[in-house]
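You will see subunit A twice below: alongside subunit B first, and alongside subunit C after that.
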Partner chain A sequence: MSTIAPALQPPPKPQPARVPTDWTTTSMQGRIRRRYRSERRFRLLGAGAVLLSFAFLVFLLISMLGQGLRGFTQTELRLPMDFPAARLALDPATLAGPNARAALAAVDLEGATARAADRAYGTGGYKLLSDGAWLSVRSAIQADPQILTRRADIWVPTSTVIDLAAKGDADAEAEAGYRLLDARKAVRTSFSMAFLTGSDSTDPTLVGIWGALKGSLLTMFVTLILAFPIGVLSALYLEEYAARNRWTDLIEVSINNLAAVPSIIFGLLGLAVFLNFLDFPRSAPIVGGLTLALMTMPVIVIAGRNAIKSVPPSIRDAALGIGASKVQVVFHHVLPLALPGILTGTIIGMARALGETAPLLMIGMRAFIASPPGGLADPATVLPVQIFLWSDEVSRGFVEKTSAAIIVLLVFLLAMNGIAIYLRNRFERRW
Partner chain B sequence: MSPALFLLLVAGLAFIGWITGRARAARFTGTGANRPHSLPGYHGWYVALWALAPALLFLAVWGFVSPGLVDATVTATPQSAAIRLDPADLTAEVRALGTGALTTAFHPEVVPLVPVFQRVQTHYDVIGGVVALLLAFAGGAFAYTRVKPDFRARTRVEQLVMAALLGASLIAVLTTLGIVLSLLFESMRFFARVSPIEFLFGTLWSPQTGDSGTFGAVPLFWGTIFIGAIIAMIVAIPLGLMSAIYLTQYAAPATRRWMKPILEVLAGVPTVVYGYFAALTVAPAIRDFAAFVGIPGASSESALAAGLVMGVMIIPFVSSMADDSIAAVPQSMRDGSLAMGATTSETIRKVLVPAALPGVVGGVLLAVSRAIGETMIVVMAAGLAANLTANPFSSVTTVTTQIVQLLTGDQEFDSAKTLAAFALGLVLFIVTLLLNIVALRVVKKYREAYE
Partner chain C sequence: MTETSLNDRADKQQAAHGGTLKMTARDVDVFYGTKQAIKNVSIDVTQENVTAFIGPSGCGKSTFLRTLNRMNDTVASARVTGDITLDGKDIYGADMDVVQLRARVGMVFQKPNPFPKSIYENVAYGPRIHGLASAKPDMDAIVEKSLRRAGLWEEVKDRLTDSGTALSGGQQQRLCIARAIAVDPEVILMDEPCSALDPIATAKIEELIHELRGRYAIVIVTHNMQQAARVSQKTAFFHLGTLVEYGDTSDIFTNPRQTRTKDYITGRYG
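Our next item is the complex of A and B:
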């Protein structure tokens, strides 16, 4: 019986002697090489991801700059105007008088300009001109009424086709035409202030961004004066005074959720409440500003709370210790110390609001508006919406104008972010 | 006498109140038990606030009441009784003409009423202004009589400051309430015309002007998920995660200092710029590529173009969330792995990323919620055709695109077409809210695990 038991048990395996791994064998060396290779691969993958993101950013910026810089220039055609021969019912004396405007308006300058172009560049010459070429003639007359007594060369904007040909972006026929004109020294391409001072138009050679930019500035003004005080006061309340209870939790949850709500939802809110319920004017900067203020406020509150939190309690204790009231502690000591951080957050929130498009589309700021808004209740558009509207245009001339407007918008955003970074580095204190 | 002038006068009265109250309190002398309770400035503020608050409150109420009074007075005049027009239309037109919002009249017979309107308007403006001035004066005078050495002006002023603080923080709650109520209210009106079942599960989306058309939103939901949660994430998750890993684990601190802000620039570029870029550069390139390879159904407004660009936009977001969660993994875990002889990449893949996974997943959920709410890129690059397709080269449409599409253009506000936008908004709001709540909960749980 006793012989069975050992038979049931497996024979004891001979324990191999523990030998240290021989790292010098080819198989081990191979493993190490493989592991190091995969390490390098992984590292390259990481660097590649960062570089790919950078490459995309650079590509985006270069493509905008490449198309957009041309948008700031305008090709002009030399138009020899023979004013005495054109027999306009105008004379320098009238223009010096009080009825200058009416006198100018009564004259068919548009026709005279077209006829001058036909004379100078053959029948159909008026097609070389922009629809607004006569405006340049008019301003030349306004600038110097004596011009009416002589022949004069006036530089007027060309049509989109010639403009694009000058910039090497049109079909062969147009470019050939442009070369002919160029040989006669009749065209020039130069930086044009008109793009920075004008407003929207149906003709790409006449458009400008001042109208949209002014709309943006008015909207941002409303946003700032509403969102900044409300945001700062909320942050102070939540961080310094609020008792830990259900109501405070409700406020906190609301603010955190609002910060994550898609911007278009704020547009729907603005449409339903401000336009349909309160009957505010459509397309007005005040409504846009209100809507964006509701969107920006949570950002300011969150940034403000972080800034307030970083003020050390010893400051509060010291102020309380020498007899300041709770309000005095906060407004005399905590707020001034937290202000740089709050301002940084505010600028970042404002930059986001400046680039925002979707909510403003909802409240009707996408109308065609050909003159800059005069006040907060006038119909206006804003820069990002203007970019959106131009990007929808069929005419090829709008491509470079859209990119040029994007450059202006990016310059503004860059400046704002630069200020924010400067403020952070200059004033932020580590306690 | 315009309302602005009265406002200025009220402010002037308040300023005078501030000066006189302060001056009166400054004359108080006393030491020890007789020491005045509050500094002179607080007495000044007390008087100024008493002058300002009642008057402004009245002006605000008057601003709502007076247009009705003006309209009632204008319609009560014998001239208007002769005009055969609905009183509401009549007053609206006269008001528009009188304030200069309208330059020519639709109905010439209302023109004589314009001067009447202007006279009545001025009349009520003056009444309101004078009452406001009286209130300001009375309030200021009342407060002035209370300026005494033992009067607790500071306490009163501080109570008001606290009320202002509380009021400011309640605006966030009001905004949330406003969003929920306006979306719910308009959606209810929509669901009274279109059944919720059809809206949520129908597969044909073709809104028409008026109440006709079908509103099956499934193609929209699919398009939103396809672009925002699938294509964009295929781009953003690997690139964002690998960028975060490289910047936190490999890059030298000096490199990291300038690389991270540059990466953040991607998040700061306005979405309309991305949209333009997607529509002008990326979409044609993708269409040409698809045509070159021979993929059928390639559209110039492809889901792929919008999704790719949106993915790039989301990279910094995913990257910073991943960065935070990797940084939260305790250093001891990393050290332990390295001490066992693992290479850096093995440590990252086998220890850091699995440990940080809940945080990364939370970050990805937040990124998805941002991507599906993104509007401009899809409006400009993703097209309007409500297709139910998984072909990334064909055109799909999204919830946000359709909201913009339904609400821009001039149609009456009561049609099912415009109300559908609010129903879509409600769905979007609920989904993003849920995603955010879940994501924040996941991130929080995970943070607690290591603290």
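Our next item is the complex of A and C:
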């Protein structure tokens, strides 16, 4: 267009003569050296911090594995049982039928086992056995009733003292006893499924982690199905729908405060509301899950809001601009794009809930529970509480079981984090 | 400038150029909180012409554009008074559904903003949520037609499943135009569609605007006066929230009536 003329420019004003900066003076050189030094110093500090935290991690892993792996093994003693001589009032035929349990309960297997030990290893030999050794004898009879007609060697768990001696962690007297047995090829130490499938017990050679693990799984399940949807919907509503005013400010401050409340307070809240007021069953995963959901929800809301905030507004504009409704914008665009962040926050919250002990103590999940929970309302305990309980036990045998339980808890945590990373990578998209 | 004189002028120009009225705005004020961003603007958008809004930064041209499809509704503090009609119907009226309005009055934004989905999904999203195609072949046809109209089909037909965000800036903007076209709008609003593009991509978009003219009523906001001169038939000059001058593009650029318009297009400010 002819009328678009170049703008009129005033002539340059006269300027004072320019003195060039001297970049080679000693003060300049000194400044350069100081700059390089501070760069180096910062890099060293950073690398040192990383190394230090890595060293802590390695120390934790090594000490845990060193202590804990022994907890997965169990020393067993070969017990020669002469069933015909023991005169157990048992007929192999009755053991095949449905009355097997009752028939087995009627005879004194415990006494027979102790007598067999005395015969094989001298008077007092029963002390070499775990209190639950007769359970192995019972299992052997159940597995093969014909065993009652002959002599047989049965491997039964040893007492804690022998078990520790086998793992080189007992006094000289026990060590000597163990070496004697070892010389007779009467003991073996092997990986024991019993630890992974059993529940709590008063005898460290008989304890298992499955009861607590299942309790944790059920509790986490309740926490997740409550905290995730409620947390995500709250975050979506607060970010996408709620007007900015004093009330939403108040809610935001409250949620932030709630995330920082010490967990024992949530335990007291759970005790007051779920047990005393609503009369829910004590020690149950459903109450534990509800309590931990209260604790996890603010974390999910905060992480969710940050993830939703980081979805670029241009995506919302684009969807609105072609006539998407608010709900369509939120569920077709905002939520899918925010999901990786929301999931990361959720897993962090869940991991915290998984490791939580204090609030669960308040609602009675520290009870001694000798069988795994069958449902959400059954008495149960959870991994961290189980660890806490075992670490409090007097018997030396519980030390390695505690470490073994910690390993199980850490593996559980690692698995959860692994799932989180997988989900995040799956849903992450490039813009 | 009084509102009657503006209205008279708009009516006169209407008569003179014989365009079919598509959208009208009368005495429109827009407030953000207590701050008035648009003061008493009246303007007509015609079916056959490309209307360009020009003016210095912050003069309210984008704000006004966003009132035409009620995108300002998303800003909590924004308030619009006055009358804006589409085919004679008040778009701020109680019986106007805002979702349908935005389907009829599409929008292309300053920064290309394809969804982080495939090229196909970007175009198909609008028709899908409005139920414009039920079967896959119908949808394929809509996607192809829209991409062809946006001049992008030949470049992307072999990679419709690639992410829309993997395209170049100019291609992304044409994808956004295709996405707007796909819901078959009557008006397309373009908010500085070329400001983030290089000259070659800009030329392609301008060419595209020429081709789309007539089928859709087009309103384009631009801070580039040469672009306004190239693509539009009508030009409105905004300054400090007021509509200073509105008329045929050739008149505005060769024979502006207002001193402010003249100063702006000759580059004295802006």
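Operating definition for what follows: the second predicted complex is superposed on the first by the 364 of 431 C-alpha atoms of A that agree within 3 Å, B and C clash if a C-alpha of one lies under 4 Å from a C-alpha of the other, contacts with A are read in each partner's own complex, and residues count from 1 in each chain.
Simple rule for what comes next: a residue touches a chain if its C-beta (ideal position, glycine included) is under 8 Å from a C-beta of that chain, and two chains touch if they have at least 3 such contacts.
Given the structure is predicted, the values throughout are model-derived calculations rather than measurements.
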Requested in this report: Return first, second, both or neither, reflecting whether A:314 touches subunit B, subunit C, both chains, or no partner chain.
Outcome: second
Query raised in the report: Of the partners subunit B and subunit C, which touch A:244 in the superposed model: first, second, both, neither?
Result: second
Query - Comparing the two partners subunit B and subunit C, which touches a greater set of residues in subunit A - result: B
Requested in this report: Go through the superposed model and pick first if A:50 touches only subunit B, second if only subunit C, both, or neither.
Outcome: first
Query raised in the report: Thinking of the overlay built on chain A, is A:322 touched by subunit B (first), by subunit C (second), by both, or by neither?
Result: second
Query raised in the report: First (subunit B), second (subunit C), both or neither: which does A:426 touch?
Result: neither
Report task. Once the structures are superposed on A, label A:333 by its partner contacts, choosing first (subunit B), second (subunit C), both or neither. Result -> second
**Report entry** Partner chain in contact with A:13 - subunit B first, subunit C second, else both or neither
**Finding:** neither
Query - Overlap of the subunit B and subunit C footprints on subunit A, listed as residue numbers - result: 325
Query - Of all residues in subunit A, those that touch subunit B in their complex - result: 35-36, 38-39, 41-43, 45-50, 52-54, 56-57, 60, 63-64, 229-231, 233-234, 236-238, 241-242, 250-251, 254-258, 260-266, 268-269, 271-273, 276-277, 294, 297-298, 301, 325-327, 331, 351-352, 354-358, 361-362, 366, 384-385, 387-388, 391, 399, 402-403, 406, 409-410, 413, 417, 421
Query raised in the report: Can you list the residues on subunit B that touch subunit A in the complex?
Result: 154, 158, 161-162, 164-173, 175-176, 178-179, 182-183, 185-186, 238-243, 245-247, 249-251, 259, 261-263, 265-266, 268-277, 279-281, 312, 315-316, 343-346, 348-349, 366, 369-370, 372-376, 379-380, 400, 403-404, 407-408, 413, 421-422, 425, 428-429, 432-433, 436, 440
Requested in this report: Quick one: which bits of subunit C touch subunit A in the complex? Just the residue numbers, please.
Outcome: 69, 71, 74, 76, 99-103, 106-109, 111, 113-116, 125-126, 129-130, 163, 165-166, 176, 179-180, 182-183, 225-226, 229, 253-254, 265-268
Query raised in the report: Quick one: in the complex, what on subunit A touches subunit C?
Result: 1-7, 243-244, 312, 314-325, 328, 332-333, 337, 429-431
